[in-house]
Amino acid sequence: MEYPTDTSNIFTRFDINIEVARQEARKVSDDVLLQKVANCVVEGDDEEIEDVVKEAMKTKSPMEVINEGLIPGMNEVSRLWDEGVYFLPQVIVSSDTMIAGISLCEEKMGKPVEKKAKVVTHTAEGDIHDIGQVIVNALLNASGFEVINLGADVPVDEVVEACKIHKPIMVTGTALMTTTMTAFPKIAAKLKQLNLIIPFVCGGGAVSEEYVTSFDLGIWGKEASQAPGMAEDALNKASWTEMRAKWNG
Amino acid sequence: MEYPTDTSNIFTRFDINIEVARQEARKVSDDVLLQKVANCVVEGDDEEIEDVVKEAMKTKSPMEVINEGLIPGMNEVSRLWDEGVYFLPQVIVSSDTMIAGISLCEEKMGKPVEKKAKVVTHTAEGDIHDIGQVIVNALLNASGFEVINLGADVPVDEVVEACKIHKPIMVTGTALMTTTMTAFPKIAAKLKQLNLIIPFVCGGGAVSEEYVTSFDLGIWGKEASQAPGMAEDALNKASWTEMRAKWNG
Amino acid sequence: MQLSNSMTYSSSEEMMFGTARKPVVTKRGLKIGGGYVIPEIVPHPRPGSEKSMKTLLREFERANGDALERCVIVGHPCIVVENEHVFQITHNPGWGGEIAAQTARQMDEYLERYGLKAAYRSTIADLRKPDMVNMRDSDYTREVLESFNECAKYADIVSIESMGGKEIFDYSIIRNDIAGLLFSQAVLGGRDMEWLWTQIVEIAKKNGCIAGGDTDCAQANTAMFMAGGFISKDIPHTLAALSRAISAGRTLVAYECGATGPGKDCAYENPIIKSITGVPISTEGKTSACAHSDLCGNVIAAVCDLWSNEAVEYHNMFGATSPAVFTEILGYDAAAMNASIELGYQKEFQACLVTSDRYRGPHGFMLCPDNAWIIGKAVVDNNESLYARARAAAMKCGDLMLGDSQLKLTAFEKESLQSYMKDMESLPDKEEDFIDMCLKKYNKVKGFNPASYGL
Amino acid sequence: MQLSNSMTYSSSEEMMFGTARKPVVTKRGLKIGGGYVIPEIVPHPRPGSEKSMKTLLREFERANGDALERCVIVGHPCIVVENEHVFQITHNPGWGGEIAAQTARQMDEYLERYGLKAAYRSTIADLRKPDMVNMRDSDYTREVLESFNECAKYADIVSIESMGGKEIFDYSIIRNDIAGLLFSQAVLGGRDMEWLWTQIVEIAKKNGCIAGGDTDCAQANTAMFMAGGFISKDIPHTLAALSRAISAGRTLVAYECGATGPGKDCAYENPIIKSITGVPISTEGKTSACAHSDLCGNVIAAVCDLWSNEAVEYHNMFGATSPAVFTEILGYDAAAMNASIELGYQKEFQACLVTSDRYRGPHGFMLCPDNAWIIGKAVVDNNESLYARARAAAMKCGDLMLGDSQLKLTAFEKESLQSYMKDMESLPDKEEDFIDMCLKKYNKVKGFNPASYGL
């Protein structure tokens, strides 16, 4: 059968209307070896990375490789993602690559590099929809945060307990069911009771801005991609009210 | 164009599946004149009624005409409506006819007949959707209740005031908008405060059973046709909790 | 005002969804009735949001924004957003203007960023309840007109669901009184609309806005909803169908005063209007089940130009908020119709919509394009008066229902119809005589004030 | 288990909505796939109602009852009601049985009182999250099977959305890892389904109940929702389309184990399944916007037998409660399709549905009947193993997408697709080799336990 060639009155391919021009990653280092490291991260080449990092470490310190190769490479990835050039899997694979590189450096140093800060993440009790959380984890990792990943179907008390132990700068929750998101206000109340005033970012399909901003500590997360920015704010000591004012409303 | 003759896989005419066999009204009196009066009511003949009632009153007392002609006629109408033979307009026109007949009798007696009891009806503040209330009024009238009709768009305090003055056995409210039904719990609260423990039947498109049974005094009315039965219950001193248990749940 | 005396379409065969003889173009270049069906989404604010202008602005910002965003997400090329005023908006005429301005800005942004073509309709609430105010001279009357002024500055289209005749209608509809319907809908409603729409058209012109049209929602839809589905016993469906036929001559007055369409979604009489005037129309059917139920869910789309959901209260559903959800559905409904146009299958597609409901009930039957056209013809052939054309339309509608053996009626529905037909036959021919009769007959109806209609 | 080796339909031209080669008949005599499209309504309980069996019974009594009543009100001749278990129902296996029994009683009453033909589908929740339990041996596993036992006593149809392979899928989908999709969906998912469905079919038989079918919701739908609409950047639509092609061979296992359909609504792979097996299928598209958004809202109806809304939470809308509203819409959708059948216009109608979405995006494209059939053919022609048929289906799907110039792809989508194709080409041909490779590659994925799949 013949299909009409003009379909513009049936649908509009808005994705093509807004297609972003391809962009190359910018150069991050004048040093050939470090630039190679960065390239591996930008391309998410988790096979090459080992050789390239080892090669670089022959002449550079592990911290130099991290700070001038791996991390600037990942920053380029974040930029390309923010600008709509990169898709999520590219970010994840780059992040995997960067983490593999960092591991090698840490091995050489004999101690782990310091992470920016801890973030506790979980998916609500009774809820196994954790893809949103998986993305959040990956993006936080990629931005240098230490993720305390409690997984899916996590009881309220377990989340509170983890906060007591880890004293994270931020805690996140994901829920995709109206019957499970009710755990969030309970967690928030218990945290307050224990005087653990930690920004609590809640997201996931079922969860609305209205719902999350109806209880103290709550900040609504629309897109997983907001998580690193939010964590940066928390790191900079923004209070939950300030964060809510910035990200919601 | 030709239309398919077998439409049974497109739609089913359930109205025809459940069509009720026509029924004649039953005889209500052995007296020819009184039966004539009843017939006028059953047929909703508001032109004949005057002559027929006058004729009857030549040999019967007005109270006989009412109690053995007009009211039994109207009872037949109610029965036919309950059984699905009559439609609403037939009930209304019969009711108009009965009321015209009663007026003539009252004129002759020089005083009004006693009504069963008073019912206050209204449509919520801000809401002009009063067709539901109009039907309720007509059906209550037809069943011998005195309707204190406050009309549409009635402020909360006016309803409360009317209850204070008239001490009705029941009060009703109609609302078709989610933005106006919020007046009902306010009315109920004020009635309770004044210790006016009157069953408050609320109905109308926007109003759900859940909503109405969430506040004291409230009983949900699904169909206008329930109003007379509810008023009878109230007349028999059923409490609002008993009425709610019977009509809702 | 000159009563219409001819049909724009010379046969119902020429009438098709998506195309109107007299298309209109909105501010952002959206052509309505220009060859394709466009979805019209109507979000309704949640209870509580009517408290202040600020809360309403926020509510509509989300609701209208969600609808626009959903078009981009699934690829619906264009959309009309309608906001129907709730009492508080029209009561504070500035509010409607602010809401319209805000929505216009959102639409400009979507046009620029994505290329989405959108248009906005403001529907002013007719606050004038005839038994409570003087229709032509009351604070409410002034607020209504002032609201038109404010909204026309920013909206693409303005509309109203006017209330003339409602007091007599409510009295008559529950009394099987067909004369009362003719009087309330045609004589009173028509006169009120002439008074009102002359002014609305003026206001719209002044502001470069489109005067959309009116609907006999207050009357013919009340009748249709009371007739209800297959288990309701409020009024016969045949009476509701006659009320619909009567409504055509009434709603037509807006166009006779200079309105250009698109007609209002809830005017189920619109197929008749289109056959006479050729203006684009909005209709609603199955996808407006969120707002009410009817027995003509598909057939009512047969000649639509906009396709609407009537109204959906803003709330979260699993997939998205309700305006987004209904935008998606309406847009896909429209996409299938538009695909049929591109394929040259629109006649077949239309036949499927019609066949779905032609014999489901009286309303579906009389609104089929062929019957709608025939009723329209009765309207224009009897243009001696508002009354005469309405009576002719109703009688024609009755003849059609009684004359098609495939339209099954219960014994009760059929007998009722036969008696309405007899009643109508016995009515006076001249409007003056009819008015005299009615002024007497209804003089004791609570709140009826002939002066409201210049009588 | 014998892997399918032939197509039931010899060409996509023979496939049409409403008719399946192997229709099934329910307890109250409803024939599914017997010539007409039937609506399938899925109400979802409100939060809080999962507290106890009593509150759930009350919730479903209303929700399911509202749906049945609405059919009678607007004249929809028949309906399937599906209830998807929430966690608490399957966790308390007696509850699902009670709910099914109550619904069966309601349906008997509607049959007797009005002549409405209705059927009931229980969908058990698959509580077995692979990274948390042993799929074949855990309390959850036993609860799932026990729930089937309880529900099959009263339900007409039982179904499940099974979870096998999900742990590897989630890891792979966000890493552009097509091998991981093949492993998780086809190899692991297929094995889990064989284990599970052999038992389900047994249980259904014992109880005179229909073993409906499964869906790759957990995987292919996750991919589809992540690909999202036109502004999402989570994963490429081309990858989601490949995941869908892969899912066909997995979902097919239910039928290879003896399930007879109707397939589950959310299995967008169902057109492929129908082309191979001839079983009736349920699909969902535009009218399931209440539950999720997709880019194939119309085309997915092209060969459906049941037409569903996926899930709508119980709440009040202006017109009625949500299950009543969506029953009304679905029924009208079906009525238009059925009218086309009666008129002999079904081919034209189907063409409109297809044209609406064929080039809207990759998913709409690959699910057009012609393409679905071609992918089905790749499945049966490569029946050496679960893996081989899935890979062949995916590669065929990729070829189709790259080969049709009317299907526009962004540069990024296209390059991604080309690289998935290269990846797939380089994979081993033999399932054993592929499994060896994957067991190594994924051995560190959190919670992956090969023994859950008999590996």
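Order of writing sets the chain letters: A, B, C and D. Residues in each chain are counted from 1.
In the analysis below, a contact is a pair of C-beta atoms (placed from the backbone, for glycine too) under 8 Å apart; a residue touches a chain by one contact, two chains touch by 3 or more.
Since the structure is predicted, the reported quantities are computational estimates derived from the model, not experimental observations.
Visitor: Going chain by chain, each one touching the next, work out the least steps from subunit C to subunit D.
Guide: Counted as steps through touching chains, the separation is 1.
Visitor: With chain centres taken as the means of their Cα atoms, state the distance from subunit B to subunit C in Å.
Guide: Here the centre of subunit C sits 31 Å away from the centre of subunit B.
Visitor: What's the distance between the Cα centroids of subunit A and subunit C, rounded to whole Å?
Guide: Averaging C-alpha atoms per chain gives centres 50 Å apart.
Visitor: Could you pull out the residues of subunit D that touch at least 2 other chains?
Guide: Residues 72-75, 230-231, 313, 318, 335, 338-339, 342-343, 351, 355-357, 360.
Visitor: Considering subunit A alone, which of its residues make contact with at least two other chains?
Guide: 4, 7, 10-11, 13-14, 18
Visitor: Please classify the inter-chain touch graph. Allowed labels: line, ring, star, complete, other.
Guide: Its topology fits none of the listed shapes; call it other.
Visitor: Just spell out which pairs of chains touch, all of them.
Guide: Between chains, contact exists in these pairs: A-C, A-D, B-C, B-D, C-D.
Visitor: Give the list of subunit B residues in touch with subunit C in this complex.
Guide: 1, 3-5, 7, 10-11, 13-16, 18-19, 22, 81, 84-90, 92-93, 96, 126, 128, 130-131, 134-135, 138, 152-153, 177-179, 181-182
Visitor: Okay, in this complex, where on subunit D does subunit B touch?
Guide: Residues 35-36, 72-77, 113-116, 316, 318, 335, 338-339, 341-343.
Visitor: Could you list, by residue number, the parts of subunit D that touch subunit A in their complex?
Guide: Spelled out, the residues of subunit D in touch with subunit A are 45-48, 50, 86-87, 129, 132, 170, 173-176, 222, 226, 230-231, 233-236, 239, 313, 351, 355-360, 370, 406, 408, 410-412, 416.
Visitor: Which subunit D residues qualify as touching subunit C in the complex?
Guide: 44, 70, 72-75, 228-232, 285-295, 297-298, 311-313, 315, 317-320, 324-326, 328-329, 332-333, 335-340, 342-343, 345, 348-349, 351-357, 360-361
Visitor: Which stretch or stretches of subunit B touch subunit D in the complex?
Guide: By the definition above, subunit B touches subunit D via 4, 6-14, 17-18, 205-206, 208.
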